[in-house]
Amino acid sequence: MALITPLREAVSSLIHDGDTVALEGFTHLIPHAAGHEIIRQGKKDLTLVRMTPDLIYDQLIGMGCARKLIFSWGGNPGVGSLHRFRDAVEQGWPHKLETVEHSHAGMANAYVAGASNLPFALLRGYTGSDLPKVNPWIRFVECPFTGEKLAAIPSVRPDVTVIHAQKADKRGNVLLWGILGVQKEAALAAKRAIVTVEEVVDELNAPANACVLPSWALAAVCPVPGGAYPSYAQDYSQRDNKFYKDWDPIARNRDSFLAWMKRHVLETEDFAGFVRVLGESVARETV
Amino acid sequence: MALITPLREAVSSLIHDGDTVALEGFTHLIPHAAGHEIIRQGKKDLTLVRMTPDLIYDQLIGMGCARKLIFSWGGNPGVGSLHRFRDAVEQGWPHKLETVEHSHAGMANAYVAGASNLPFALLRGYTGSDLPKVNPWIRFVECPFTGEKLAAIPSVRPDVTVIHAQKADKRGNVLLWGILGVQKEAALAAKRAIVTVEEVVDELNAPANACVLPSWALAAVCPVPGGAYPSYAQDYSQRDNKFYKDWDPIARNRDSFLAWMKRHVLETEDFAGFVRVLGESVARETV
Amino acid sequence: MSELEFSATEIMTVAASRLLGNGTVCFVGIGLPSTAANLARLTHAPDVVLIYESGPIGAKPTVLPLSIGDGDLSLTADTVVSTPEIFRYWLQGGRIDVGFLGAAQIDRFANINTTVIGPYDAPKVRLPGAGGAPEIAAQAKEVFIVLKQNKKAFVEKLPFITSAGFLDGGDAREKAGIPGGGPTAVITDLGILTPDPVTRELTLTSIHPGVTVEQVKEATGWDLKIAADLKTTEIPDAAALTALRDLQARTAKAHGQNAGGEG
Amino acid sequence: MSELEFSATEIMTVAASRLLGNGTVCFVGIGLPSTAANLARLTHAPDVVLIYESGPIGAKPTVLPLSIGDGDLSLTADTVVSTPEIFRYWLQGGRIDVGFLGAAQIDRFANINTTVIGPYDAPKVRLPGAGGAPEIAAQAKEVFIVLKQNKKAFVEKLPFITSAGFLDGGDAREKAGIPGGGPTAVITDLGILTPDPVTRELTLTSIHPGVTVEQVKEATGWDLKIAADLKTTEIPDAAALTALRDLQARTAKAHGQNAGGEG
């Protein structure tokens, strides 16, 4: 049963050094506040899983939280490279980052297989691609009826999945809508699921067949209004496209990255603190 | 692109003798009107697929439309046996019926695999059950990573799937809600999907992430208000529980069954005709 | 609270309902299991989570569903997902605490048959078949089975094992690689049978008041083991009986009957 | 209709857009493919069905999405499903007519690289990676690829094949068991390349007005084949150009920029 929990407590008690952790959200509903809290608490040696490692993973990787990354597309959407990700892969800074690389179809199926408690995902995929040459976790199985060869990859079964959603009710049932990505599968594939939410309401009033995650399937629900920033929550906030562009020069250089992280994340108490300091930075810029 | 089509035309042009046909609906939204139309048009030699063959398949089987049945639970829900189904299996009347028998988990996964264009479904299933001894289509595969054995069954890929839904818009996009069963998967697993609907509206006004089947994924959309009867359509009609009970004595006897089918289905023009004659029968009874 | 008269079916239902702890996530079959599970929800276990294979999760029906897909299940649920999702993410996903099943026949190791009486290819009676039971029996953390006890139902050898209990007993279930814990209680109109911790043979551990051991043995197709410390089942308290009768009265009023099935 | 001046990117975009027939079901990548596909929708192909991997089916965005998960895609779609469903039921399900991709690098058989420049284990440049491309390239009935033509992008040998075109040419793709028909057009800022029906080698079959064959050869890292009946690409008509510019102006106003990516 998910109790309504402060984010700091949830991250501290549910995420351990060495865990496999998935923070999911497909452009929409990316759990940035939770990523910051992981950095603040100095979690180490994580195996990070995410279809589209973007700014949130650039920050986690640059701050040395990750030992390994399982992913299918790593970039700053609409802008270009993830400089911290590239620095880790190309130069081993701040330390070497092991990567396991899939396609989106592979990752999406691996989450489905994880949620379904299957050891592997079965898909038509990777044929003709060089990915199987560099990823020993892509194998092939034969259909016992037709003899056809199909791709098989291990399920994703994170120790912890973190997602952001629009609403929870007081019992900890969660409702999300709009672009859902792989969040439901990621949450159900995990041993422990943490959900940050825009607001806690008395009644969800979910439409028929909406995407609801029942409280008892979750480990913690944490109210963090705006906690997807600079990503967005449909019907609550807009994506801050400018921030994605601004991130490029900040992350390009190790020192400017570290200085930014220190000021905005390490030296702020929580997400509200981050928002306040970021506001100050933006105000200063625009003077 | 699904054109709005009269049911008679859709059944006549899209369902052929010998086809594999799935009529799905899990208590809710069972496409009874379409079943009647298949009987009226005297379709033969069908391989019928359905998780829960109930009254609709009892009628199709009793009228000799089916050569083979792929299923996982065959009964009159809440009442007892399907007498026509049992007569076909136990006595070969009106002719022998081949059966391929699964569990619900197997069938549900086989529809998912069909919709996913995979040749087989992978599940943890059937272990310890005698079903694999009597169904050669249940096999086992090994996980290429863990060596674990998992069940494999062939995908369901019907030539035609028929479902009933609440609404279509004028372009033929379909919206259904409430208990969804396997209908989406069944429709997408089929070469041709026919959807009968309660009504055709200007705009679906579907809630976010509702179950919508786009027009271009369907072969025909047929307005048949009440076409799930004696099953129901949430927010449109109630299940006629009494009819399910009344069916028991009608179907128990070959002659009473044939007489009922003749009067209510063969000698009526269409579903509206069926409803009219059924009303007369009920009125006569209650005099 | 004063005592009320009760029927054998009532004590069976109340006894089954008592086994469901509050907050338990329960995969419910239609019929007796659904009655017992909803009675639990309406009495001592308000936070029990009822999942039906047609898709409702957290259903709180006001009357007993006649079918597995009644509208009342959908309208009162926390969410309604597709049937494949129920079997894939929720049951196979390992999220079900208790699978609550009925059966046509059962053997001494709590294997159940709902497929055929007689040979599969030339059945004497063709039963409805497996439905969700094989995977519920295999994958729920534990399984409760509720059915009336008589020699036709409690048989020495099943003509067909639809869903596995403990197979041949002992560690046969674990050896077969079946993930869930298996049946922990068989609740009948005569008593409660639980598997011996080592042999896994069903043993009468509780007998309903007014029933004799001889009666139970007589209703069982094998030489039934009786627990040394055989208990007498607690009689249904008035609150539970009243809740059950109210539920059935509401149901009869809404449906005109009180049976149920898949489909 | 009068003629307007146009840029190389504009003729590329309009040429790509023209290839999309009305009613086509199109799996759209962010960036140039999304621009071309939405231009088609706003001009000659109002019933084109745009599917984005984040989940929207039948998206009709009023401005170009900056990311694959923009709210505008969700709000204007016929329905929004999960990402696994997009890849499983819709792409792998064989329901996509046209996969519309960009690329970092391409070879003569229209294989594409979006993974690394240099060795995989010690890359000179780490590119974003595969995203949805390998399965889009494999499973869509046909594939259009749109990218700017230069020697860094059009290379003799790819350091990494992320997504298969025709592999080594001829029937190599079919032999590998790849279901979709593969790339049928590569639209660049210089012309349109299409695979030879037998060898499957990309051949310049249409050249944009004002561009010379020498220029195109110069921008290609292999000895580019030129079609005997080389056509000149029809110039963008004023209606298309106006629609494109309006779309981009609306987009700039809404987003402050006009790039895009997955994520």
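Every chain is named by a letter (A, B, C and D) in the order it is written, and numbering of its residues begins at 1.
To be clear about the criterion, a residue touches a chain if its C-beta (ideal position, glycine included) is under 8 Å from a C-beta of that chain, and two chains touch if they have at least 3 such contacts.
Per UniProt, the chains are A, B = CoA transferase subunit A; C, D = CoA-transferase subunit beta.
All values reported here derive from a predicted model rather than from experimental measurement.
The chains in contact with chain A and with chain D alike are B. Among the other chains, D has the CA centre that is most remote from the centre of chain C.
Taking the mean of the C-alpha atoms as each chain's centre, chain B and chain D sit 41 Å apart.
Separating the centre of chain C from that of chain D, both taken as means of CA atoms, is a distance of 57 Å. The multi-chain contact residues of chain D, meaning those touching 2 or more other chains, are 74, 80-81, 88, 92.
Chain B has residues 112, 117-118, 123-124, 148, 178, 180, 185, 208-211, 234 in contact with two or more other chains. All chain pairs that touch, listed by label, are A-B, A-C, A-D, B-C, B-D.
On the side of chain B, the complex with chain D involves touching residues 1, 112, 115-118, 173, 185, 188, 206, 208-212, 214, 216-217.
Of all the residues in chain A, the ones that touch chain B in their complex are 117-120, 122-124, 137, 139-146, 148, 150, 152, 154, 177-178, 180, 207-211, 234.
Chain contact summary for the complex, chain D toward chain A: residues 30, 53-56, 66-71, 73-75, 80-84, 86-88, 91-92, 111, 115, 120-121, 123-126, 128-135, 137-139, 160-164, 167, 173, 176-179, 255-257, 259-263. Per the touch definition, chain D reaches chain B in the complex via residues 23, 25, 49, 57-58, 74, 78-81, 88-89, 92-95. Those residues of chain B lying in contact with chain C across their complex are 26-28, 51-52, 54, 71-81, 85-86, 89-90, 101-105, 108-109, 111-112, 123-131, 134, 148-149, 178-182, 184-185, 232, 234, 238-239, 241-242, 245.
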